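Let me begin by presenting the structure, written as structure tokens, before commenting on it.
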Amino acid sequence: MIVILKQNPQQAQVDRLVAWLNEQGYGTNVSVGKQETIIGLIGDMSNVDMDLIRSLEVVDDVKRISEPYKNANRKFHTDDSVIDAGGVKIGGGHFQVIAGPCSVESREQVKEIAKCVKAAGATLLRGGAFTPRTSPYSFQGLREEGINILLEAKAETGLPIVTEIMDASHLPLFADVDVIQVGARNMQNFELLRALGEAGKPILLKRGLANTLQELLMSAEYIMASGNPNVILCERGIRTFETATRNTLDLSAVPVLHRLSHLPVIVDPSHATGESWLVKPTSVASAAIGADGIMLEVHNDPPHALCDGAQALTCEAFFDVMGAVTAVRSAVFSAEE
Amino acid sequence: MIVILKQNPQQAQVDRLVAWLNEQGYGTNVSVGKQETIIGLIGDMSNVDMDLIRSLEVVDDVKRISEPYKNANRKFHTDDSVIDAGGVKIGGGHFQVIAGPCSVESREQVKEIAKCVKAAGATLLRGGAFTPRTSPYSFQGLREEGINILLEAKAETGLPIVTEIMDASHLPLFADVDVIQVGARNMQNFELLRALGEAGKPILLKRGLANTLQELLMSAEYIMASGNPNVILCERGIRTFETATRNTLDLSAVPVLHRLSHLPVIVDPSHATGESWLVKPTSVASAAIGADGIMLEVHNDPPHALCDGAQALTCEAFFDVMGAVTAVRSAVFSAEE
Amino acid sequence: MIVILKQNPQQAQVDRLVAWLNEQGYGTNVSVGKQETIIGLIGDMSNVDMDLIRSLEVVDDVKRISEPYKNANRKFHTDDSVIDAGGVKIGGGHFQVIAGPCSVESREQVKEIAKCVKAAGATLLRGGAFTPRTSPYSFQGLREEGINILLEAKAETGLPIVTEIMDASHLPLFADVDVIQVGARNMQNFELLRALGEAGKPILLKRGLANTLQELLMSAEYIMASGNPNVILCERGIRTFETATRNTLDLSAVPVLHRLSHLPVIVDPSHATGESWLVKPTSVASAAIGADGIMLEVHNDPPHALCDGAQALTCEAFFDVMGAVTAVRSAVFSAEE
Amino acid sequence: MIVILKQNPQQAQVDRLVAWLNEQGYGTNVSVGKQETIIGLIGDMSNVDMDLIRSLEVVDDVKRISEPYKNANRKFHTDDSVIDAGGVKIGGGHFQVIAGPCSVESREQVKEIAKCVKAAGATLLRGGAFTPRTSPYSFQGLREEGINILLEAKAETGLPIVTEIMDASHLPLFADVDVIQVGARNMQNFELLRALGEAGKPILLKRGLANTLQELLMSAEYIMASGNPNVILCERGIRTFETATRNTLDLSAVPVLHRLSHLPVIVDPSHATGESWLVKPTSVASAAIGADGIMLEVHNDPPHALCDGAQALTCEAFFDVMGAVTAVRSAVFSAEE
């Protein structure tokens, strides 16, 4: 960290600041230039309150020169992490497709969809038992019963399951779930993240609607610092001024996250775009840009879906998407040989 | 709600759509114009999945013509709500100042600050016992002990207290708290909102960093629909492309929320700007634009604050802000006579 | 257009509104429902001031049900437009790669780069003669001399040239240019757009940093309404809260624009990301998502470039990108057969 | 400027970088720490390509430690600038109200409005002769005739006039205009800014919809570096995800700009909010936060305005706003005594 002082500081001011910084536990390295005086801080910077230092009277600005996350940082873990998700590997060249309905509605619905997505090549089954909805008047999910239905579908198809948690107190219900999803609106629910760090299971962490990639990595850090290294990052669109799509899919997040972190990165084209006709082109682009997987909403009867029917693919459309994604994956792969 | 069909639909398509809409429980009113065919929906629209209808093949677009919230809606409750916060009224002409430290650090700290803010005219005391932090390595709050310290300060000064909750499971600790705050990052933690709806106490609901005013009202609706009408809305800055301030304070949210809803609206200039020197001008502007209160961070020793020291006012600076706010309040008030 | 009235309007108010709307030249169609009264407007709606109607006392809201652009609208021109850019076709299945330096620096520089990009498969040469820079102290371009250098490179390599215009008064200098580029900061320089509408040449219109896709199409409409149908749309990243990349590349803009309009859509990964190492993955994704072309910055000596050196590819890196793009293009193409 | 190197650089790499930086004209000051090596750059940094340096292989990051603007910078001009706008002073404690119609429609309209706003206390008259419109099908202004009408109104009322320019080639028509306005969409039309720098007249420079305050100051710098110190900055709302208002008024821009620059800062509540009922509260808040003036749209017949009628005040409403603004101004003023 570098502290830049205001022009022509008095020596007494500089001395007081250095003393105060030392008192806070930082080593200091003062460099007096013609135009400016700079103090380099030495020590563990992950917990520095930059805004506070910036507000001190003699200080002009403070610049961070290293990332505030450690466990998620590729600098300290150069190889790609490969996460084992119920026997299926994600990351480090392993590409997976997670598919299923937005919300679990019935035993029949989930089984029908599970069979379809497995036949088309999906390797994990998703479905919402606890479903966060903007309106209290919308369908709120089957909750515990929903998880049981997913577990039955897993038993029948062999597909590991991914489902969302909304509150740490529900954790006991997730004992047999393979991957626990944290939704975009809970990305900074720090009590939940800490609890998931203790849970040990793979966590699929979705980027918040208005969160930077650094904040996403800081939330991963919460889970990892609590002892759980199995975090899968998920880009699902961010909120911008554009209204033509539900969110703006930030696909360059994939290579940026891969550079900053060793964790696998998947993309959720269904939520990012909000419209089923956009799912195929964005899925293909996700595969092309190097994502470690995609997560898609598939429904046996979109017009009667209780949640997000507009963005759900029919089973037939899902087969079509899988074909295109596979073709692009092999083109990108062979081009890299 | 209005459903606009694609150009020149076939009669059979229109009939199928009308039948399907009726099956979903909506009355319909078909109007065939020269250029377009429109179907008006009749009934309770608070639970309609607009995106789903929009995705149907014969549909071009869907437009909502009434708000999806009821309890928070001024249309159904024309008078301003006045919330009783531990004996202090907020809303409907009652302006209150909530002040105190970002986080509770010690008994001595809180008592010293409480006395100061009371002397300067604050009417509620704030302080964080549970403090959400972006980094797992930052100070995380004194938790239960912090609430006890606040309650002691309340006993001593008579100021009702406001403090943040981070998880529904902590609710028993908040039994004697006067106003429970929901932080920006939890604005769409729907499990927490529902639990707070059952708690009955006044809730101070902060707008999320990237949430629209309609979403803020929908989150208020979650609390109100669960039986708690005592919601205080709080504008605290939104996330934009601008980096000169920590967030962008959206002051026009105050009159817009007052028009849409009967709930009181306060402003948090400290978090919105992130810098103490900006707190005075934005506090004055908040009073001038008609806020029902402001919430300010005050610290006895900002350079040693464990959280957000950069935006905390000293006690002396808080007196200065109070003077300016009072002067502007009386100017706006007498101008309206 | 639909005008929704406030609840329970008086008949006299409705009559006055209808009379006023008729006076403005619109036909009207009043529909009185149980909950709301709606007036449908009939006629040419491209020039309606929706905000004004919305502000009338009896009006609750106004909803547009058709797009405000005509010439650019796919509804009235279902086939893809194919633009002839100096003998090279763009759109309707014709994919082109435009490459060259950010700014023209010297005859030698441009010739060296032109030969390289042609050898690697680029089909148009780009280079800035007039270069818009945020700072008045940055290199501002060789201007007229720069255009002459580009024309010489065209004569030597046969590559048609693309270069940016900054002011309508410079148009005579662009007489032999094949494609005139409008930069993001000039997307709503309406005087310039109108002048380009009269120029007849192909126009490469870049999306503004904070402009919606509808606004981009309205700016295309300015050019087309002035008599020039040869508009190529260009997605180049938008401004969001994220700071990890220079801009946020909105790749889903490609399929959305293709659905709304018949005009070709290309992508500029260099400006969207601002970093050369991100150009390859985003170029590949652009091809995968169905863009009609990409525009890339290539420099013979990036560390000494006078403009945007950080995002420029070396010639060697450009060959690598071309290989990957070609592989993905053929994968997507054969998958669609 | 500070250049931070990657961890453990080789000495040869550092030497090459230093040599290259010297070659570019910068002095260097290398500081080797335990964790990182930092190079401080010495000299004129206003023209550095930070992105380019950041892209060099051995470089991890580059941080600017001084602002890239000089003429507009308060560091080099500590006193407030006071601009003489046709005999009326703006800035340094001089508060002015600019009022008039969005667009000049007729001689009678302008005269009627001019008399009204003068009677209510406005000190400058605004009106659009050249009016930038998103749609080519909207009213585009009376152009030269509009300016003549404004000049007649000036002759009759004595109010100096403010009107917008859209293209440098129109400058001769602005010879008798007192203040030339640059619209938000032209804030980075650098050819226009340069031409206005040579024009000498006061320039009212509006912030672009998605431009940072630093970019606004850089555009002011273009005008000032070309020889014209008379720049008035104008906050008029920025583009965000919120749709409840036309734009999001960023009122904290006023104190931030006052800290960074000596130039006067005014606010345009009409365009920022887009709705006339929001103009009064935001005008009052603008005065309270310390703006040097406000610019308001007033129309004698808003329902028949050819442009932006929804945000125009009637003459009667303007009187009301003026009263409230005056009351708040004197409250803030006396509080500061």
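Observations on the structure shown:
We just call them A, B, C and D in the order they show up, numbering each chain from 1.
The rule is simple: a contact is a pair of C-beta atoms (placed from the backbone, for glycine too) under 8 Å apart; a residue touches a chain by one contact, two chains touch by 3 or more.
Just so you know, these numbers come straight off a predicted model, no measurement behind them.
Among the remaining chains, those touching subunit C as well as subunit D are A, B.
Averaging Cα atoms per chain gives one point for each, and the point farthest from that of subunit B is the centre of C.
In whole angstrom, the spacing between the mean C-alpha positions of subunit B and subunit C is 38. Put simply, the C-alpha centre of subunit A and that of subunit C have 31 angstrom between them.
Centre-to-centre spacing of subunit A and subunit B amounts to 26 Å, using the average Cα coordinate of each chain. Counting partner chains per residue, subunit D has residues 210, 239-241, 243 touching two or more of them. On the side of subunit A, the complex with subunit D involves touching residues 2, 4, 7, 29, 31, 33-36, 38, 40, 42, 60-61, 63, 65-66, 75, 210, 239-241, 243. Of all the residues in subunit D, the ones that touch subunit C in their complex are 20, 46-47, 49, 51-52, 54-56, 68-69, 132-138, 166-169, 185-186, 188-192, 194, 208-210, 215, 218, 221-222, 225-226, 239, 246, 274-276, 302-303, 305, 307-311.
Of all residues in subunit B, only 210, 212-214, 238, 240-245, 248-256, 259-260, 272-273, 277-278, 281-282, 284-290, 323-324, 327-328, 330-332, 334-336 touch subunit D in the complex they form.
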